[in-house]
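Have a look at the structure below before the remarks.
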Amino acid sequence: MKIGFIGLGKMGFNMASQLLERGHQLVVFDLLPSAMVRIAEAGAEAAASPAELCGSLPTPRIIWMMVPAGEPVDSTLEMLEPSLAPGDILIDGGNSRYLDSEERARRLAMKGIRFLDAGTSGGLDGARHGACLMVGGEKSAYEAVEPILKDLTVENGYGYMGPSGSGHFVKMVHNGIEYGMMQAMGEGFGLLEASRYGLDLEDVARVWSHGSVIRGWLMELACDAFSRDGSLSYLEGKVADSGEGRWTVESALQHEVSIPVIAASLFSRYRSRSDNTFSDRVVAALRHEFGGHSFTPPPAAEL
Amino acid sequence: MKIGFIGLGKMGFNMASQLLERGHQLVVFDLLPSAMVRIAEAGAEAAASPAELCGSLPTPRIIWMMVPAGEPVDSTLEMLEPSLAPGDILIDGGNSRYLDSEERARRLAMKGIRFLDAGTSGGLDGARHGACLMVGGEKSAYEAVEPILKDLTVENGYGYMGPSGSGHFVKMVHNGIEYGMMQAMGEGFGLLEASRYGLDLEDVARVWSHGSVIRGWLMELACDAFSRDGSLSYLEGKVADSGEGRWTVESALQHEVSIPVIAASLFSRYRSRSDNTFSDRVVAALRHEFGGHSFTPPPAAEL
Amino acid sequence: MKIGFIGLGKMGFNMASQLLERGHQLVVFDLLPSAMVRIAEAGAEAAASPAELCGSLPTPRIIWMMVPAGEPVDSTLEMLEPSLAPGDILIDGGNSRYLDSEERARRLAMKGIRFLDAGTSGGLDGARHGACLMVGGEKSAYEAVEPILKDLTVENGYGYMGPSGSGHFVKMVHNGIEYGMMQAMGEGFGLLEASRYGLDLEDVARVWSHGSVIRGWLMELACDAFSRDGSLSYLEGKVADSGEGRWTVESALQHEVSIPVIAASLFSRYRSRSDNTFSDRVVAALRHEFGGHSFTPPPAAEL
Amino acid sequence: MKIGFIGLGKMGFNMASQLLERGHQLVVFDLLPSAMVRIAEAGAEAAASPAELCGSLPTPRIIWMMVPAGEPVDSTLEMLEPSLAPGDILIDGGNSRYLDSEERARRLAMKGIRFLDAGTSGGLDGARHGACLMVGGEKSAYEAVEPILKDLTVENGYGYMGPSGSGHFVKMVHNGIEYGMMQAMGEGFGLLEASRYGLDLEDVARVWSHGSVIRGWLMELACDAFSRDGSLSYLEGKVADSGEGRWTVESALQHEVSIPVIAASLFSRYRSRSDNTFSDRVVAALRHEFGGHSFTPPPAAEL
């Protein structure tokens, strides 16, 4: 198929490469010319603007967006809309908030434009060689783009989730589960590392990756990570988070669903990024007040 | 090889079947004659007692034990010991506490008997068709039984972890991680189920099993579970726990390692098995005391 | 002082009674006539409408609102605004979301109306005999109403927190802490109750209320609750929550502050209100899938 | 009464001072002569050894021990036992593990010695001016020492909990609750500190200490702590823990009681004492592996 593709970041570039490899024709646009140059070398047609991109596509147009959540999606839509016509299909393959996707679909539907929210999982490797896609929106639009979904994913790796918003909702919860799984693994390896057995963690992760109950891609990645350096001394334990963990917690608050482990995983990430937290200082101060317990003075540099 | 095999429960029966299939000769013993009859039909030699089992094996003997943790392991050892000789190798493939395994290895070593602690993972299916084994103990004993380890596991699915106790320690932490992963999945699916999208959870689990970051065996099992009934109405949400989750928490207390998610997963299991907990009643009562908040009276049947 | 008072629910009625007792003149309004009749018996002047209430007050008017958070506050403001004049002071003593209070203050300031957000704590007893007030907004307005604040509270029990929103923000966090304290107490008493010592929990709470580190009002209330029935069999452990716990978690997400205990307390309340959760069923189902672990079938009535 | 008092650490010294002030006669012993000199100045009689202490007391002897939990209690008992006679009463007022106290009471009972386990709460101030005592053991022994209990505590601040072990068990759970309360407060003040309102936390703690639902001694101590420096910059947020939090978690594991908040509080303390945890590094490494997410390299000094 001939489709438009906007957004050539790490994920987008890999997905566009995958589509080209599978024989699709791409008209691409990105704010960074360098990314367009590289993908053009792989056979894509570069457009000077979203408008030009729209002009180069057969109608009804199919345009895949792979831009950061929030404002970037809105500004991309703003640039595209004047050039779109009823029947066109826009796919947001990024990590947008599901409530935003619902709203965008509703607004665009008034102009006859069909908006699909497609949650993408599988990391950079999946983006390049076969990802996983969870898609929400109008069923007919989903069916129209199914050949693309099929070519972007591994076998059985895509599906129609339901109405607008459901694709990004399922992806959001996917990430919430991911946070919990990663934290459970982090805690477990942390305990192994603290033991007196002198374990080879790469070896543990390798064995666990073959035949165990907890085998899976994350465990294979742990094996890769430990193979670089079993003590992980090449990085610091400061863990970033994207919006999806937070939205999962917010959504649980709204639905009154108890998700203690997913929330604790998110808070562990927050905690990892700060030292000498005020919260801990309060607890230390209270101990000192009632028990005269000695406390650690702040590092000299801070005095 | 010709080896002894004691304990033909669900896991043991499957492992013994696997060993027979791979060409090993087995002399088996179990307290339940019916299990022995069944495995004898598959080619094993049934022994009337542990002593008889020992008498039927070439020396140095290799005996695999697959009996429940705690007292059953001790009583099995007690029955075996009089018939064992220096150089014999005993393997505890069950879920024993690693501290117990350390102690047993130490004690048996004084008699020249080599004791290996082998944590087994992979569920019933793994036990039958290829499991995962984490083994601790004397390296020479490990090497002596390696052909058996290889035949019980999937490729790359076994390894030498370190000194006595380390095999069961690694298995214990494996289960701690497993608890956390399962709880994260439970919470995530719980949130999906609470949403208004009317999601097909089997379909979600299927898509997540192919290409996503959280793909793995547990997700495939979730798919199987939902395929029986997407609402899981065939069971109640009362989750048992074996000792390993508790030992993981105890071990973390001892090592002063923070494992909030694994601990929360264990407590969620405890919580799942009780209704109308005293803890919750205290909180409800406090709210009533200060705010005059109405409360739910107990069900009529309890009055 | 002569002030207006709108909202005669449990808290509002007690606070109005307290103000009358301390010699203030009140013009009151409530949607329920019965509450107005009762407070009129105690000396208040009942108004037929917010407009009439405004008409009966000297200017600049001081009006205390004690209505439920959310829509009720907005509709009360809508009814009042046409009758207000620049310089008037409105105090929202309820549990409004601090972001709403900020917005309302900003909007009313454009009309010259001064809006104070006053978080009220102390339960029904405090409302009647001396509460605690955390007040945000314009400092001059705070000073103008200070005699009222003083008469509604115990000694040292009120204070100026800062700009608009800060009063309700501090009250919100107060409730977050309250959730955590109550849950910690619930868990502790739950463990005492599970012990084999046959403890008299009223006696424990009484001792803990006198001289211990954890003495405080909540412990005294626990003593009262156990004095009704040490087994708390008069209620069910289903714990409601108002908005403030949720807003605390949302605010922590926004500020990237780790609050695992407060969040876990909120989730324990959610959990308390549901049985046989989907989350737990997923975990039970996964155990069954990999280990053939038996499960509890649902109660007959549900089949 | 004339009693023996062993252990003049911070708590013990204060309690001994309190007893002297209330007119009791004390024969004291401590391994550190300096503490004995100081208490002798206040009127106590110093003994050169536990044996001498026993020799100076009327029979049946009453001896209060205030020594650290674990080995120090055992070695004190060992030194005392040869000099004790049937009917003597030993009171362990320290933070011993309740299971140890049960065992000690059982052992000493065989010699006719009555052993009481008395959990002490109230901090240094309570120890000096009126503490809280939770006592377990034989009821007749409790009654015999009641005048001392009364003089060590505030009004209503002591009680008979039940059989041996129950005093220290109740004290242990008290500390578990304390951990949860302190952590909830820490989290709440942490969120206040992170807000943009520029709050005066001493003022907040002062207001919360008067009339609020969460008023209590800990809140008053928070007020004291903030009065030293509202930013708590005089200490680092590294929070120690004594054994009681751990034992509470272990006890909950044994009783299968869900205590997520108390456990999370303990783990927060562990976490506070470490930087750049292995657990967090694992999570950061996994993110990097699947998403190419950038990571923070370790500080230069560590390279």
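In order of appearance the chains are A, B, C and D, and numbering begins at 1 in each one.
One rule holds for everything that comes next: a contact is a pair of C-beta atoms (placed from the backbone, for glycine too) under 8 Å apart; a residue touches a chain by one contact, two chains touch by 3 or more.
All figures in this text were calculated on a predicted structure; none of them were measured in a lab.
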| query | Between A-C and A-D, which chain pair is linked by more C-beta pairs in contact? | reply | A-D
| Cα superposition of subunit B onto subunit C: how big is the rotation, rounded to the nearest 5°? | 180
| query | So subunit A and subunit B: same face meeting same face, with over half the numbers shared, or different? | reply | same
| message | If I average the CA coordinates per chain, which chain comes out farthest from subunit B? | response | C
| message | Quick check: how many Å separate the C-alpha centres of subunit A and subunit D? | response | 47
| request: Between subunit A and subunit B, tell me the centre distance in angstrom, where each centre is the average of that chain's C-alpha atoms. | output: 33
| said: How many angstrom lie between the centres of subunit A and subunit C, each centre taken as the mean Cα position? | reply: 38
| request: Find every residue in subunit D that makes contact with two or more other chains and list them. | output: 123, 183, 185, 187, 190, 194, 213, 217-218, 252, 256-260, 264, 268, 271, 277, 279, 290
| query | How about subunit A: which of its residues touch subunit C in the complex? | reply | 213, 246, 249-250, 252-253, 256-260, 263-264, 266-268, 270-271, 273-274, 277, 279, 290
| query | Along subunit C, where are the residues that touch subunit B in the complex? | reply | 10, 123-125, 182-183, 185-187, 189-190, 193-194, 217-218, 221-222, 224-225, 232-240, 260, 264, 268-269, 271-272, 275-293, 295-299, 302
| query | Hey, which residues of subunit B end up touching subunit A in the complex? | reply | 121-123, 126, 130-134, 136, 153-159, 161-163, 165-166, 169-170, 173-174, 176-181, 183-185, 187-188, 190-192, 194-195, 197-199, 203-204, 206-219, 248, 251-252, 255-262, 264-265, 268
